[in-house]
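Remarks on the structure that follows.
Chain nomenclature is as follows: A, B, C, D and E, assigned in order of appearance, with residue numbering initiated at 1 for each chain independently.
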């Protein structure tokens, strides 16, 4: 799974019915190192939100068929936000703690 | 999921039967940033169209097994256009609005 | 899905039984742009042929679990040739037409 | 499958229920060569731990749908630690042996 | 599918039960060109062996969910060696023939 930061939203009216009940959030990948930086914001992507994440939050994202487990079996998504991150520990360093 | 721009079409007569009832559209990836540019047009690929997208439109594309959810179970596709994008908001910036 | 050119064949006698009834073709990726060039021929890969493609032909290839849809459910393949391309249109340009 | 080193942990309270009973470990990819180095620590990712791996250990990680086999069918994970590595042999060289 | 060379082995005692009956081999990708070279040995990975491949042999590897077809349904593997390669023909050139 990847760690990312929610940076925006996508809105569509013409879409596959399976997407209707989900917010589409724009996520920028965060490198899971002590610095927790965004190495490449052109790698930003769109994920369905399964846990009510807010803008700017650090989240855990699963990709591929896992993105439809277990509540989104008929949703055509290949990326899902499955957790809001409270804390990332790298060795003895606290790389991130939710404010 | 990725955001892309429809830039062309592919036509085939000799093909797997599952593809018969779908338009095959050429999509160039768009980086979901405030500039909404195409970082690498050699990364262009082909997707089945599930929502009637037109040339030049900004679309949402799902990749992998999700591309067969829920209406294309016997279609050998690994990429599907699942929405036409109306609006992309990055932070407080409106990065894209459909004309 | 990707567009590629068939450039060769692979032959094996010791192999998973599921591969027995399929030709294994070597495919070089083609960038779906007006020039239709091969950006990186070290990215060449091997696909099962589901439509009888010939050497030198421009083909449509699906990757991942889609490669087993619908006729190859017990074939251990992650890439399948699912169409021979007749024509690629990029905007108003005819990028490729089968001779 | 990939070889990696466990370098940290991720803690979340707001998360998909399927994640509840699993430790989330941060893994840095290790290049499986005689040197066993980390070519790119920005490629670090998060995996569920299926074998009780400890920090600093060299582990085997499976990605994609395999990460839910066989004990995690309803866990939204795309990466799972499935072995602690005792030994890596490259040709006649012993590239790694667990202390 | 990819072509690779078997360059080593991985041994683990603490592992998912599904791996027990399989050899874990280290495979370096081979670019399927006339030179058949290894462009990047840091891209080396680990695969289960389904056909009894030996060290130094050129093999065909399938990745993703295909790696569990058809004999490894409950094996948490995302890469499997499914053939030993006898011959690779690129155009009129014989790029590789098993000694």
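Quick note on the criterion: contacts are C-beta pairs under 8 Å (C-beta built on N, C-alpha and C of every residue); 3 or more make two chains touch, one makes a residue touch a chain.
A quick note: this is a predicted structure, and the numbers were derived from the prediction, not measured.
Taking each chain's centre as the mean of its C-alpha atoms, chain B lies 33 Å from chain E.
Our note on geometry: chain A versus chain B, Cα centroid distance of 20 Å, whole angstroms.
Within chain D, the positions touching two or more other chains are listed as 64-65, 67. Chain contacts here close into one cycle, and each chain has exactly two touching partners. Round the ring, from chain D by way of chain E, the chains line up as D, E, C, B, A.
Those residues of chain D that touch chain A in the complex are listed here as 7-16, 18-19, 24, 26, 41-42, 44-47, 55, 64-65, 67-68, 74-79. Against chain E, in their complex, chain D makes its touches with residues 1-3, 31-33, 39, 50-52, 60, 62-67, 69-71, 80, 82-91, 95.
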